[in-house]
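By written order: A, B, C and D. Residues from 1 in each chain.
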Amino acid sequence: MATFLTKPLIVKPLQESRSEAVLRFGVIGYGYWGPNVARNLERLDETELVAVCDKSPAARRKAAKAYPDVLITADAAELLFSSEIDAIAVVTPVWTHYELAKAALENGKHVFVEKPFTSNAAQAEELIELADRKNLKIMVDHTFLFTAAVNKIKQLLQDGSLGELYYYDSTRVNLGLFQHDVNVVWDLAPHDLSIIDHLIQKTPEAISATGQTHLNGHEDVAFLTLYFPGKIIAHINVNWLSPVKVRTTLIGGEKKMLVWNDLEADEKIKIYDKGVSVSSTEGVYNLLVNYRTGDMWAPQIEQVEALHRELAYFTECILKNEVPINDGRAGLRVVRMLEAASESLRQRGALIYL
Amino acid sequence: MATFLTKPLIVKPLQESRSEAVLRFGVIGYGYWGPNVARNLERLDETELVAVCDKSPAARRKAAKAYPDVLITADAAELLFSSEIDAIAVVTPVWTHYELAKAALENGKHVFVEKPFTSNAAQAEELIELADRKNLKIMVDHTFLFTAAVNKIKQLLQDGSLGELYYYDSTRVNLGLFQHDVNVVWDLAPHDLSIIDHLIQKTPEAISATGQTHLNGHEDVAFLTLYFPGKIIAHINVNWLSPVKVRTTLIGGEKKMLVWNDLEADEKIKIYDKGVSVSSTEGVYNLLVNYRTGDMWAPQIEQVEALHRELAYFTECILKNEVPINDGRAGLRVVRMLEAASESLRQRGALIYL
Amino acid sequence: MATFLTKPLIVKPLQESRSEAVLRFGVIGYGYWGPNVARNLERLDETELVAVCDKSPAARRKAAKAYPDVLITADAAELLFSSEIDAIAVVTPVWTHYELAKAALENGKHVFVEKPFTSNAAQAEELIELADRKNLKIMVDHTFLFTAAVNKIKQLLQDGSLGELYYYDSTRVNLGLFQHDVNVVWDLAPHDLSIIDHLIQKTPEAISATGQTHLNGHEDVAFLTLYFPGKIIAHINVNWLSPVKVRTTLIGGEKKMLVWNDLEADEKIKIYDKGVSVSSTEGVYNLLVNYRTGDMWAPQIEQVEALHRELAYFTECILKNEVPINDGRAGLRVVRMLEAASESLRQRGALIYL
Amino acid sequence: MATFLTKPLIVKPLQESRSEAVLRFGVIGYGYWGPNVARNLERLDETELVAVCDKSPAARRKAAKAYPDVLITADAAELLFSSEIDAIAVVTPVWTHYELAKAALENGKHVFVEKPFTSNAAQAEELIELADRKNLKIMVDHTFLFTAAVNKIKQLLQDGSLGELYYYDSTRVNLGLFQHDVNVVWDLAPHDLSIIDHLIQKTPEAISATGQTHLNGHEDVAFLTLYFPGKIIAHINVNWLSPVKVRTTLIGGEKKMLVWNDLEADEKIKIYDKGVSVSSTEGVYNLLVNYRTGDMWAPQIEQVEALHRELAYFTECILKNEVPINDGRAGLRVVRMLEAASESLRQRGALIYL
């Protein structure tokens, strides 16, 4: 396989940092998401954007226009081997993450990696071990963990408002964008898998996944079920062939239930004071099922850019030497779920234990 | 196991039929759905409601008030063995269907049976064989096949408007009602399974089902995937623990896609002139994915009561000696899918071939 | 003009009342709304439905089928002059209300009258005076006052949750039904006018109304503005030519604001913890406008039939000799607003003082 | 009254234009909307942004960051009297439009003015006369005329799809932003007034307006009715005190009706094949009202930035010496409607003839 690092590794000196206090970042990959990472690194007080790398001339022109004072290059090595860079943001296709992150870590740089972390668990484990050894930080870009919506759900779970969790059921469908290198599971499901990992704080016992390929050889429709210890079940519906965009998650708890519609401008989360209880179980026909229905409540959700909060947090973790919640191990857990899902998908739903 | 027919079988003569031309119906079961069946049998010109049976005194009082001139009884035998009844509507819990339908057929009566047809395939096969032998009709109450919405979708598939079918993805969730004798799959999925059977006109190759039990010992959350020959995949999401009621089906075709929201009063079906095509497959990186986006169109859907149309059709099938689309064999196909789903559910998603 | 009472007034004795305690009702008018009135009078413990009158043979057949034991007649006089009837429900077109209610009151019967109360204020005043003199009750069918939604809004105003009321703005539009005898204002606005009268508890100072006639000589689109003492303003948008049905009211208060969407099944009322305040008024450019945005809350609204509650309340008012909130005077206030609106409409928005 | 042009008029030379072919623009006002005007002038091939003026240091810093090569100044005179500028965009509060536009025109510059055009009709008339005399173009920023939605509605009216127009009814409400110098009518209604002017192509005969002041001395809730020749009526509901944002317009025609919801991402316009007709008018009781209900259709609307199209069109009008549809006369028509509405508002709905 051709490597992403094809050019000879010539290190070009960067200009002097504006301040000793700041973390100097290089961004590799300036396609769809990279510009957002760069923009936030530019905005944050504690970070300095010093270099952007992309193989596409158009992307480089765009970057040069946005950041006239920043080094723009087609050669990742200029960033990876620079002594003027403290941290690298890897915002490239999945199959390049391992190689780039490894080079960055080996050269003493902290790494912010786009989700999913790596193409397989072995790569993730190696990167984690490398970072630990070098005392460097890895953060995997599980952006949703930094949204006000997920924070609110996490809080409702932690403070007991929802009661014991019953299920998490997400529908994340839209028309395209078909990816060339991964299927719809690797493209869309990492969002939910990282959220689930964050909310439930348990490793799923096993995963079953089904789906179908219609167009370009990758599954474009897929359905994942995750079995957790206890009675928690999670389900994820991802689809590149939907005429409408849907981002709706139902979360059912013993005491309350909620609907999270991420496409709503103002009322993203609606919490229903509804529940079901069973008052007797002496034989199936004596069972009394009670339904409770109360108010609905949509808490005010602050409007902040999640990526901004995430990068500020990464900076803080580096400066204070703390472990991010979305560290390499979190990334690894998601990759393991993706690997299990892929294996189950190949076997049309067969249960794969983690 | 105790049988549903506990009383001695004494046949009580019914009053004379109002006309020789009509089909005289008895309805067994006057709980949630039975009153609707009775009301429509009363309304139809070709049918006459002559008897209603229910074990519950409250249900019998209700029936007596609605139909003062009709025989109301607690004893199903009064209907099953009456020479004054031509057809029996069995609107009772699933586990009683086989016994009641068998008795009706053995006594020369056509049978309209609530969905799902029977508790297992063997029962369904026996009833089909019995009806064939006696030249009697079985209709399984797959009501949705007679809605204007399903008719419109069927037409769009048949006339090629949607192009080749890619997927059918239904979400059918709400709070309760928990059933005592069956899980959420047997309660809610028969609707979709009968619709899929009607639309796709193929038998699924295999089924994978996942789900979880939280309260009364039956699965209250479940997810089914059906693999069909070719690239068609169907998915059904059923849930008794949802804070909101959802009845939404996405259907993706090669040429067009549609969203069927059965809870919409006026615009139940929205057809999107959207599509995705792949213009080259020479290597994964040369693949060009093209998206097409055009108008949305919500056809006017006539407002008719599906059950009324279904019972009129049943009458017609009996009088003309024709085979209903939703005959015992259609009911059997759905029961086989339910059995496969149950088996897969027990094995947490293991693929069960049909 | 031909009167509604065309037949000679021959009193036919009704059958004996089932109980001395109950109020015996006759219903005049069994068209669109009359059947609901009759059904609820039949259901209530304290009332007995003893007679139904309608000039249409089809309506009488329908009534006879629903109530086999009740006197069904084409002759209103049979009800109005019967000694077996305690109260009359007048559910006929507006232009007949005065004559029928007057005859009922003169014959010692309490009167429940469909909205709007009468065709003009003079008629209403005469009926009120007559009822007072005879110590009889008039209730005008302002059904919305008995909905859980209006009750909740009333409570929020009374307990200070909304703060000082700023405005009431209702949109009540749909396709048809064109009335033959009145315009869209007399058809649809009485709902809002009676709600406003109930919520605000003040008489508007003046009304401005605009609108247009397109089809049958009556205004089919109209807009009313009511100026109340203080800063309260109310606006009502009624339209028979709308492609979609809308029943949405915005209510703005100093402390909170709400949206009442009566077409929502579950979340009819959404209360927004939002507000605007002005912190300084020293010159227009020093004015600081502050916006506050908090949670949204949809209280659980009980699902009761408003008409049932209203008729139970009417019975209670009669039996306890209490004045209903929706008595003749409430009906008169609404008629005065309608008269002012009509006059303003004729003058294309000219302000009419009440 | 203090003038906006307080500084001595010293003309500072601008740098050379990049090309002889382009129109060189100066933008006065870089607050809420100005940056959008500047950005589009920068993007267009035919225009060059050469100067930005704003009195606020913060706004100037923002402009300087966005356009490092452009003259940034606090002094409007630097733009107005520059020989290097061909056209001025006036994006300042209403009360400054007249003075700035007049100075620009007197100095030979074409003028693009924010809506509403001027504070009164006399000012507008003077500017129009001045521009005509100097052969310069005025364009008033009626941006909505350049949206795909308004274009589609215009087309449906012109090609007869909707049939004869019955009414235009717009609801344009939200929380704030309270303006300091104008009321909600001058702030929000110009959008609808310019759209109505464009769609109906007739001058309204008269206007009635009602409303109320609650907070800062300007009306924050208002309702306008416009009477047009024939049976066309228009209604505009504007409100700064609404808890929810609404941008919905109902348009009723003889043949079809439509709902334009500008907040919808994808289906902004829904066209209903619905209508009402009267088949006989021989006396009010023989009148037969017929309702027709057919399909709903949401045409694909292109996603273009209206302001971009508008500025490209302005450039074209200047270069080809053509009269824009939204010229000074269109601006004047809207100002006259606003003046009439203001007068009516003062008189609480009194009809003001235009």
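Heads up, the rule we're going with is that a residue touches a chain if its C-beta (ideal position, glycine included) is under 8 Å from a C-beta of that chain, and two chains touch if they have at least 3 such contacts.
Predicted model only: the values in this text are computed from it and were never measured.
For B-D, the matching interface among the pairs C-D, A-C or A-B, defined by over half of the contact pairs being the same residue numbers, is A-C. Look at the CA centroids: the one farthest from the centroid of chain D belongs to B. At the chain A-chain C interface, residue numbers used by both copies make up over half of all numbers present, so the two copies contact each other through mostly the same positions.
Per-chain CA centroids place chain A at a distance of 43 Å from chain D. Centre-to-centre spacing of chain A and chain C amounts to 56 Å, using the average Cα coordinate of each chain. For the pair chain C and chain D, the distance between mean C-alpha positions equals 41 Å.
Multi-chain contact residues, meaning those touching two or more other chains, occur in chain C at positions 244, 266, 293.
Across the complex, chain B meets chain D through its residues 266-267, 273, 293-300. Against chain A, in their complex, chain B makes its touches with residues 166-167, 169, 171, 173, 175-178, 180-181, 206, 208, 210-217, 221, 223, 225, 227, 231-233, 235, 237, 239-244, 250, 252, 257-259, 270, 272, 274, 276-278, 281, 284-285, 287, 289, 291, 293, 344, 347-351.
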